[in-house]
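The structure under discussion appears below in the form of structure tokens.
A, B, C and D are the chain letters, set down in written order, and residue numbers restart from 1 in every chain.
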Amino acid sequence: MSDAVSSTRDEKRGSRFAPLAAVVLIVLLLAAIPLLTDSPYLLHVINLTFLTILAAVSFRTIIISGQFPLGHAAFMGIGAYSSGMMAKWLGWSPWITIPLGTLVATCVGIIIGYPFSRLRAVYYAMVSLFFGIAVVQIINAGGVWSGGYSGLTGIPPLMGFSKTPYYYLFLIVTFVSLLVLYRFETCRVGTTWKAVAQSYLIASSVGVNEAFYRVYALAVGCFFAGLSGALYAHYNFTIGTSSFDFVATMMFLMYGVVGGMFSFVGPILGTALLVLAPEVARGLKQYVPYISAGILLIVVYGMPQGLIGLPGMIKRLFTGHRKDGAGRAYHAS
Amino acid sequence: MQSKRRLHSFWFAVAVVAVAFFVFGSVASQAAEPKKIRVGLLVGLTGWFSVPGNIELAECRTAAEMVNDRGGITIKGGKYMIELVPEDMKSTNEGTTAAVNKLIYDDKVQFIVGPSAFWGPASAPLCEANKMINVLGYCANTPGELDKNTPHRILAEDGTMGHTYALIKFIKKNHPDVKSVAIVNADDGSIPYVKPLIAKALQENGISVAGDWVLFANEMVDFSPIASKLAALKADAIFHPNGIDRHVGPILKGLRELGDNRWYFYAGVSPCSNIKTLAGAGATKVVSLAPTPGAPGNPPQLEEFIKRYFARSKQGAALIIQNSSATYVLPQILQAAQSLDANDILKALPRMSNFETLWGPGHMGGERTYGIKHAVVHPLPSQYLDDKGVQKFGGWITDVEVP
Amino acid sequence: MTLTLTVGAIINTLFLASMYILIALGFALLFSIMEILHVAHGVIYMLGGYICYSLSVTLGINQWLSLVLTVAIVCCFGPVLEKFFFRPFFRDFDRTLLVGIGISTIIETTMVLSKSNEAQSLRAFATGILKMGPVSVSNERLVTFLIGALLLVAVIWLIHGTKIGLQMQAVGQDLEASLLQGINIHRISALACVIACGLAAVAGSLLGAYMGLGPFMGDFVFQKALVLVVLGGIGSIGGIFLAGLVVGGIDAFLPLFISGSAASALAIGIVIVVLLLRPRGFFGREMGF
Amino acid sequence: MLLEVENLTRHFGGLAAVDGLSFGVGEGEIVGLIGPNGAGKTTAFNLITGILKPTEGRLTFKSQDVTGRKPHQMAKLGVGRTFQLNPLFPRFTVLENVVASCHLHPHSRSIDAFFNTRTYRRNEALIMEQALETLKLLRLEEVKDELASNLPHGYQKMLAVARALTVRPKLLLLDEPTSGMNWEETELTLSTIERMLGTGMSVLLVEHNMEVIDICDRVVVMNFGRKIAEGSVEEIRNNSDVIEAYLGGEHAS
């Protein structure tokens, strides 16, 4: 998890316009896709990818503050369920319930954040993992209101059944959210998070209220996780706890590590790959899990820095000399 | 930290695996042919429901193959074959929605069979929005699974209620002395909806419910508390409306351990042999609605289906005839309606009677239970373990009615 | 709440507690020694159950013998686990975690594909019912409980009574210091893996006979182990015993009063409350300020 | 007195790591806190900076009671410190270490930081200026782009001091600032510390090698968590208990 904390030089290197141009280009290309394709299914898959990217990047945001939120998917679930249930049972418009759901997720994050901010590193990870599992079990016990094991169904759609409007909504929401998260990471707030992550003792010795900054990061992460969950609920019309459980969080971690945890772009790449690969391989039916697991093991064993580090790694393979991956060693505080 | 050599061999291994997968992928995907009815199939091939899911996949292939080997179906003089398009619904609601999207928008299927068990509601919105006929293999009576708002759904196989009605008939016929039952069930989402229906059905047949329902969490691992609660209830027998063998077995075991020796009526289709495996010596006096191969009165199509299925599957394979039954019934319905158009079929549906199902002659019912007459009603077999734990055939329940 | 119910529930508590602790101990050992979140623990438990099944039912070997063989076989996984999955990522929490995920996904999927009937179970290790006044308990559960208790005593003796055990504790408390002391960290870790796998195998076989087998039978194991470790205080072996009794008691008594999944929700709620009051669990180590 | 420590006590389980420690640090004074290994010096530091809560006793800083304050609150009051182990942010460059440490002076609200307002930009520019200045002061400017963890030990200690200075401390606590330094590094550090005194800063420094003590105005000697002697360097040098303690201590360690 310490991989996420890297010297901010990575962002500063090179001209500032090349990346900017690339981003603009990519967004324009994405915006053009619905005009090029006539397959609603493709749009559906990309829509899900957008939401997953949002959640995965928010997961990394918490990690750079030195916390390892192994229960993160639960907050996506809290957002999804609270928004879905409000819309279904109170009959409110999704346009109102989605912000409310996001809010609920954030508040829960803050409430559990404070007591647990006293825990360090892996201890935090374990407790947070447990909390994730707990949330899932409690939702499962929700009976009629949450639909229990059968999941929550009949959630009012946000805007009809056509995929295209959702596509543009999600494109915009994801893009803006990513900008926000990127800004958080690169401005002083992010620097402070990284400082707290590396040594909470030193950070507090220079006047950083480290508990506050941990909860701060957690709140930001939970906000976007909740948002992604809430949107998901009203796009999918039906949700179940199985997609917010511990395995789902593991997925976020996978996306991050496969893409490269030390870079902001890493989780985005990883998500794109690991969400799309199984869809492409659908023909393999019951053998699909092998694909994801295979990719995961390949990256974990073969690429210390994930896909982002791939070019450098290949260069090192040929030139011979190899330098150590950014912070492979794990520090307890 | 791996050396360069290790990396090379490692990448080689990777390449081999990758190639293997893509070869497999090309084998796994089949191409379409003319004059075929593309029927999408939603089964959980991965996730926690994947073992039953894979069994169902094999079963459904068998059913489709049977229909095709008999020359397919004839509609307005034209001959049609069934082509199954299975998609994995990952044993989750989301997986189901994703798979339905794939089936409708990418595979361009004409009908959808499934999903199994309690994912029924998940496929409803998209199917309804696209006027896609969706044939269910099971119905647990959760809202949105089958009601007035889902006019494009057909329940081809009895759900919780169908089984319950049938089992009550069985009790009246074979155990007239049973006047009260204690009810145990998994606490899935359906309880609040089936509770009144089951209570009504029992009380119409002069059977009273002892105490409150004994509910257990789905993920429960140790059933002894449940067993002791059941044992404490004064009733002539135990009634289990909707469950799987992995629930029935341990509960039975716990009951017998407490010296409780009452009959256990289980309104499910898991065979007694499975229950015996799980409950060991405790497996006595339990009734299930599973078919018994080679039993007297088995319709020939059922016999043929079972024979074909066991021929293609591993030793000791289990039978879950739900989506496969739906796969078999759908063509019969199409033939009866003499049309592939959704509206014609829906118009013809209420009038259909005496069409063929795997279990014998079937007709439509269920307007009181589901609020819509889209439930296929058909005879059900029964089997039981006697007080020595010997498996016996319990006879066919021919007069099943789903009001 | 009659006497029968109460006594039954108490017996049940002991039974569950011994099983839960048996499951959680290996998990906790790996965590406190190597700081590894051993997600594959449940899968190893599942493999234990199935290996014992294929030995005793498929090959028809005497069940007790096959239990011993199973433990022997599964213990061999330990060093493999340590050398190929944990050592390459020494003290790298998230990569060991992901390797665990990958491995368990592959194994579980393979099991699913090899099964054509979910209902499989070992024969009971003991038959018959022991009746004492109002209470009746099956010998199977008694035997399971006894074996569990015996093993726990053995492991505790190993950890607290032997040199190797003391070395384990040392590594768990201060890695650098113990390296300076010349303790062979890899040997210790491998041993811990062996113990963890062995315990998982025993639990898998015993519970496989009691509750039946299934490719996903390991999931609840992982969850229970996690709850016990978190509740007992991460890094404290002793805390696990208390936590085991508490959780076992909750699981044995709550369903008697509360019906359905509300019981499991309340159980988890209790643990959450405890954690919010004592984030470090019962006997958690002092850390930070 | 700038800092007053009265009867400071901290128990770990049974044993008392610090036991009834009392002393004071005046304005512009250098006080040495010495003693053999395990005498409880670092624990005393952690108690003063709020990392540990004292079991008993009272802390007064700038004549207000600061017992049981959190570390970041102590820093706000103007107590800077260095750490003996892991003295810096390992994955930041030297410059980033100092910049990231400039949290209080000036402090920009995160809303400003997020929207990159004029105040924020001004603050950041100021911080960069200060940071480079401090690095120059400690002769670290030529390594400012090195990863901190790659620095030689002596430089790391320097950087730790630089980092501690960013809180504009009234009182600076240095935990073995010269351990692992070669001679000229030590020289430099000592001279720097002396230069700081010009700015009216007080220093409390932990040492267990007697050489460095010469710059101290007053020395407090601890052993087994208790104060065994206090006085000028000379007095301490020929205090029998101290010599005894040191010999014992050396034997022990």
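The criterion applied here is as follows: contacts are C-beta pairs under 8 Å (C-beta built on N, C-alpha and C of every residue); 3 or more make two chains touch, one makes a residue touch a chain.
Keep in mind that this is a model prediction, so the values were computed, not measured.
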*asked:* What are the mutual neighbours of chain B and chain C in this structure?
replied: A
*asked:* So, comparing C-alpha centroids, which chain is the farthest one from chain A?
replied: D
*A-C versus A-D: which has more C-beta pairs touching?*
A-C
*What is the distance, in whole Å, between the centres of chain B and chain D, each centre taken as the mean of its C-alpha atoms?*
72
*With chain centres taken as the means of their Cα atoms, state the distance from chain A to chain D in Å.*
40
*Centre distance in Å when chain C and chain D are each reduced to the mean of their C-alpha atoms*: 47
*Distance from the CA centroid of chain A to that of chain C, rounded to the nearest Å?*
31
*So which stretches of chain C touch two or more other chains?*
88, 109, 112-113, 260-262, 264
*What are the residues of chain B that contact at least two other chains?*
2, 46, 50, 54, 187, 217-219
_Where in chain A do residues touch at least two different other chains?_
137, 140-141, 143, 148-149, 286-287, 289-290, 294, 301
*Can you list the chain C residues touching chain A in their complex?*
31, 35, 37, 39, 88-89, 91-95, 97-99, 101-103, 105-106, 108-109, 112-113, 223, 226-227, 229-230, 234-235, 260-262, 264-265, 268-269, 271-272, 275-276, 279-280, 284, 287-288
*Please name which positions on chain B make contact with chain C in the complex.*
1-2, 46, 48, 50-52, 54-55, 58, 187, 191, 212-222, 224-226, 228-229, 232, 245-246, 249-250, 257-259, 270, 274-275, 277-278, 280-281, 313-314, 316-318
*Which residues, counting only chain A, touch chain C once they are in their complex?*
1, 3, 68, 70, 112, 115-116, 118-123, 125-127, 129-131, 133-134, 137-138, 140-141, 143, 148-149, 200, 247, 250, 253-254, 257, 261, 286-287, 289-290, 292-294, 296-297, 300-301, 328-330, 332-333
*asked:* For the complex, give me every residue of chain A touching chain D.
replied: 2, 5-9, 183-184, 187-189, 191-192, 194-195, 198-199, 201-210, 216, 326-327, 331
_Give the list of chain C residues in touch with chain B in this complex._
2, 4-5, 8-9, 12, 15-16, 88, 109, 112-113, 115-121, 123-124, 127, 129, 131, 136-138, 211-212, 214-216, 219-220, 251-253, 255-256, 259-264
